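Across the two complexes that follow, subunit A remains constant while its partner is subunit B and subsequently subunit C.
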Partner chain A sequence: MKQNTLSYKVKQYLMFAGPGTILFFCVVIIPFIYGVYLTFTSWDGVSATKPWVGLTNYAAAFADKDYWAALGRTAIYSVFAVVLINVLSFFLAYLVTSGVKGQNFFRSGFFVPNLIGGIVLGYVWKFVFNRAFVALGSAISGGTAPSILSTPSGAMLALIIVSVWQYAGYMMLIYVAGFMSVSEDVKEASSIDGCTASQTMWNVTVPLMRASFVQCLFLSITRCFVVYDVNLSLTKGEPFGSSVMAAMHVYNQAFTYKNYGLGQAEALILFLVCAIVGVTQVMIGKRGEVEA
Partner chain B sequence: MTENEKAARQKKIAHVIMWIVLLVLFICFIAPFFLVVINVFKTKADTTSNPLALIGAHGFTMKNFPDAMKKMNFWTVFGNSAIITVSSTILTIAVSSMAAFVIVRNQRWKFCTFIFSLMIASMVIPFQVLMVPLVSVYGGTLGVLNHRLTLILMHVGFSVSMAMFMFHGAIRTNIPLELEEAATIDGCSRWQTYWKIVFPLLKPTVATVAIINAMAYWNDYLLPSLVLTKKELYTIPIATQAFYGTYSTDIGLVMAALLLAMLPILILYVFLQRYIVQGVTAGAVKG
Partner chain C sequence: MKKAIALMLALVMTLALAACGGGSGSGGGSSKPAGETLTIFNSKMEIQSQMEEMAKQYSETKGVPVEVYYSSDTVAAHMATKYASNDPYAIAMVDAKDVYSLGAEHAADLSGEQWVGDTTQAISVDGKVLGFPVCVEARGVIYNADAIKAVTGKDFDPESIKTTADFQALINDLIAGGMAAPTGVMKEDWSLAAHFLAEVYELQDDPDAFIAGIKDGSIKLADDEVYNALMDTFDVLKENNYAKDAAISAERELTEQKLAEGEIAFMFGGNWDWDVINAYDYSENMGMMPVPSALSSANTKLVGGGSKYFYVDNGVSEELQQKAKDFLNWLVYEADGQDFLVNQCNLVPAYSNITLAVGNPLGSSVKAYADKGALIGNYNYLPDDHYAKCGAIFQKYLAGQIDRAGLAEEITAYWATAEVGAH
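Showing the complex of A and B:
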């Protein structure tokens, strides 16, 4: 049969998967490998030569205080944002699946922030924090209230608020799918066995939708760790560089200060941290999954 | 009152409370957009002195909208975003569904399983790791930046793994092999079998992949900002960023620009919200 020969298979592969494979290699695999190579050079982005410097960039990355400060800041931001996103979205999902009037309308409404890109959202909120809240604060206090974006902790808080607002609706949809996947029979059985509504909720429904939690935590962690758009438009790293997140630091290191090799080394470290946290979380989460 | 009536009444009260909580949260969610809208129609003096008022002291103005449109070069920018989003989405669907097809049907071929695993593994790589090498290779060595086509092909390259994964699942579970065999017996080539028999059956997945990717392409900022640095090639997010940098003091104008940036997708959402919500849910749960 001609269908089993290698040349037939290769032809088929190239015809159907050729374009996809080529683009994937050109955009992801080759740049990834080339990026690892770049970390061993001291390229400035302009010159034709890329001098080999060995592990100097990694040493510099480990000694770069600003980088570790940005990474630490990102970790703190992520912890708060991830917890709040998941608490709020779970609560929203619970409310919009409880059978109240207009729940579909609310579902689509909470999702709206997700439609709009981080850049635009950041500017919308910058206006809200800098103008609307200031006007509101001034009206209440009688004097001029400062914007929360003007203090380091305020800027962090603002970033967390915007991220929670941005992602809660999206995660809500995943939790809604989780709630819907728990069949009514199981819940009915538990209530016949004498469970109260909240016991059914915490001992039956929630364990059965563990997959949704794993999913939402993974998505929110991986997104928060590389936050960039909102960071750029909302705070731009200000005041005094106190809200520069890891991704922005990497961008500045490479494109603003032209330390491409160092920037790439720092990006690679960020990727490793992100991957380790994400994978650990999924492994822990999957271990205790319950089958209905 | 009987037990049943009591329970029913309690349930009703609980629903009313939940409804009120939902409404309050909903207002909090929508408030920022509302503030943008009311400030579009105010004069510059009013946006500074009283951003919270529904209508400013100096009355209603329609000036900000056309001004922002002109200064932002809205139609050019909108056209760029539309061309890039539509072509990237169509190409992503074609390229990744075909790849998924051949990979599913050659499951015992080691090469296919290798490519499949490589694509899955690559999904954890954040864009930040790839941006420097991308700029270095395509900007420095090859010099192909500042072309829409470059951005479109890069978009496809980045999304192909995720989209392929979703089509892979759909083809494996929903398309019986017998169907293809029947088509082959009837004289279809593999190419015809794919486009005439298999692809039409993938419609739900096509919709999901299209929605997720189109939204991502439309809102993408970092990659386009690195690839397209010429003003006439700007997409909406880049133009918004540039606009804010220039006119940040004129709040009314900025609000008009932000509203312009949001309107196209919001209008689309009004008509397609059921599909968008379904698509995003399906994509998130499968991915």
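Showing the complex of A and C:
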């Protein structure tokens, strides 16, 4: 059988990638297109009619101060969380590949937070912040210590801490793979050439791990931008709506305030922001990638 | 051979796909065979286990399969997702405002039912009865009489506390007697905005006109008599809050535990709080009293009425709708149904023909006020975002970030763009 005819290729594609493609279309592409359609309607989420309103929802989305505040807050949160996640996970990966005793145990230990769902994790930490730390603080200070969840900046800090705790282990695995992929040859060569350990690290290992950085940054940026579960269970947007992240605002707008079209338009803007940031970051990252 | 394997693989995948397709079809469709299962949506978390037990028994005795579902989502949000997936419940328990927003389109007309004559709390839209009141709930100040007596040495008479000054005096006595902080305040947005702030509207002679007045600026909230009277009392609650320094992170369970065990004596709440309180080692003599205030017309009455409404979906088959109606009649007119409402679920019935005594102290307080007609009705037309947005504003007040004038100003600003629900 000829293997370079079009029909052969189509058949091969359909046989192996067909089911996946169809599923992808059904659960991602079609809902996405339908979602875009809904942004042009004033649907409330339950009504049978979906009145066409053109670009009104986009105008409303751009005028929605709460939304832009939430988006700005999400950006600040993402910057801190992404930097901390990556610094910490890189450091952890370095530790658990340096040959310390029981490093496999530590690897799985650091990874465990990632296996706990975001909702559960939020409730666990809420207990820690509201009860354990408060009890501890009160015992030390003698008075009643306020929970850090009771101030806007404290709630933000709590969100960042929990996100870092949640994702550091996961990103660590990718960095571990990065560390392992740098062959001993080049490291040895650099040390023969007179590099100190830290010079080897910064000039040989890190540049060769660039792919891991690109990947980890992409994953952490996109995840932080659409954070919802931890946000919901840890702070629920409180105190006084000061920790409502973009995704939560979109959900509230669409389902709680019953402005489905507006919520969908805001979700689309969030998607675009997220995509632009993510793709730019990957493009910049890929440009300087080197291979040994 | 290879070809055979490839063919088999392709077949398996097609099957898997078909299964997916089939699955989503039956799961997403309202096309379940007629008269199959009576699906009931329950939005009262505290009675979910009783509902499930009841479903089992109802299925056995009546031969109608019943399934009960619960969601911790906001009711409106959950119903939105169910309608979006075209999978409605036969009977849904929703809040009053949802009957107004969903009813016209989705609820079956229940005007012809017998129970309509036995309740004053049913909801009608455009002249058609659509909402079946599940229970009566009311708001007020919950007190722990045992805790008060332990400090003051005198029996507590809730009727003796009418004005904010009376309330403050008693609080002072309690503090002097050694109860460090006699009150608790729930920081939840629904408690602050949907329950407490809502009373500012509800205690007006004409809530609609009042809100319209705030919107067009003819009424200054900051100067309003009701607002100031209620905020005076709120300030007393706030100042004597056991979690005063961290009011905004106080947990509801902890507050209610303290109230139940007598560490604090007062909390603004409603009879639904019993389901939290009874999880703890509660005191015998608890109850509810009206929010003390300078308003002589309101300080002898609780605020409340029908709460949580069942509506029958008009999109399901006629047969299923009939079964749903039968179920509602069972609740009101049969001994098992009445027992379920009053004894199993601890609810205050909204039906005059049900004479069973309400078992829990908060419920019996509400029943007592309801029986003597001392209930001020709920205002059910607040916008969907009112509780969240005004709740966030009220939380700022609770945390001491804004003062009373600032609170009034921000609430007025909220109303500038908000619209009350159609009614």
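List of remarks:
The definition used in the following text is that the second predicted complex is superposed on the first by the 269 of 292 C-alpha atoms of A that agree within 3 Å, B and C clash if a C-alpha of one lies under 4 Å from a C-alpha of the other, contacts with A are read in each partner's own complex, and residues count from 1 in each chain.
Simple rule for what comes next: contacts are C-beta pairs under 8 Å (C-beta built on N, C-alpha and C of every residue); 3 or more make two chains touch, one makes a residue touch a chain.
Please read these numbers as outputs of a predicted model, since none were measured by experiment.
Steric overlap between subunit B and subunit C is present once the structures are superposed on subunit A.
When both complexes are overlaid on chain A, the residue A:I284 reaches neither subunit B nor subunit C. Legend: residue contacts after superposition of the two complexes on their common chain; A:Y257 is shown touching subunit C, with no touch to subunit B.
Touch criterion not met for A:I76: it reaches neither subunit B nor subunit C.
With both structures placed on the common chain, the touch criterion links A:L149 to subunit C but leaves subunit B unconnected. Contact with subunit B, but none with subunit C, is seen for A:L270 once the two complexes are overlaid on the shared chain. In the superposition on chain A, A:A59 contacts neither subunit B nor subunit C.
Once chain A of one complex is fitted onto chain A of the other, the partner contacts of A:E238 are limited to subunit C, with no touch recorded for subunit B. Within the superposed three-chain arrangement, the count of touched residues of subunit A is higher for B, of the candidates subunit B and subunit C. When the two complexes are overlaid on their common chain A, residue A:L23 makes contact with subunit B and with subunit C alike. Touch criterion met: A:L92 reaches subunit B, while subunit C stays clear of it. Residue overlap on subunit A between its contacts with subunit B in one complex and with subunit C in the other: 15, 19, 23, 45, 131, 251, 255, 260. Residues of subunit A touching subunit B in their complex: 9, 12-13, 15-17, 19-21, 23-24, 26-32, 34-35, 38, 43, 45, 92, 95-96, 98-103, 106-120, 123-125, 127-128, 131-132, 135-136, 139, 165, 169-170, 173-174, 176-177, 215, 219, 222, 225-226, 228-229, 232-233, 247, 250-251, 254-255, 260, 263-264, 267-268, 270-271, 274-275, 278-279. Against subunit A, the residues of subunit C that register as touching in their complex are 6, 9-10, 13-14, 16-17, 20, 73-74, 76-77, 79-81, 83-84, 101-102, 105-106, 187, 189, 243, 245-249, 251, 383-385, 388-389, 392-393, 395-396, 399, 401.
Residue ranges of subunit A in contact with subunit C, taken from their complex: 15, 18-19, 22-23, 44-48, 129-131, 134, 143-147, 149-150, 237-242, 251-252, 255-258, 260.
Across the complex, subunit A is touched by residues 15, 18-19, 21-22, 25-26, 29-33, 35-36, 39, 47-48, 50-52, 95-96, 98-99, 101-103, 106, 109, 111-112, 115, 118-119, 122, 124-137, 140, 153-154, 156-158, 160-161, 164, 190-191, 194, 215, 218-222, 236-237, 240-241, 244, 251, 254-255, 258, 261-262, 265-266, 269, 273, 276-277, 280-281, 284-285 of subunit B.
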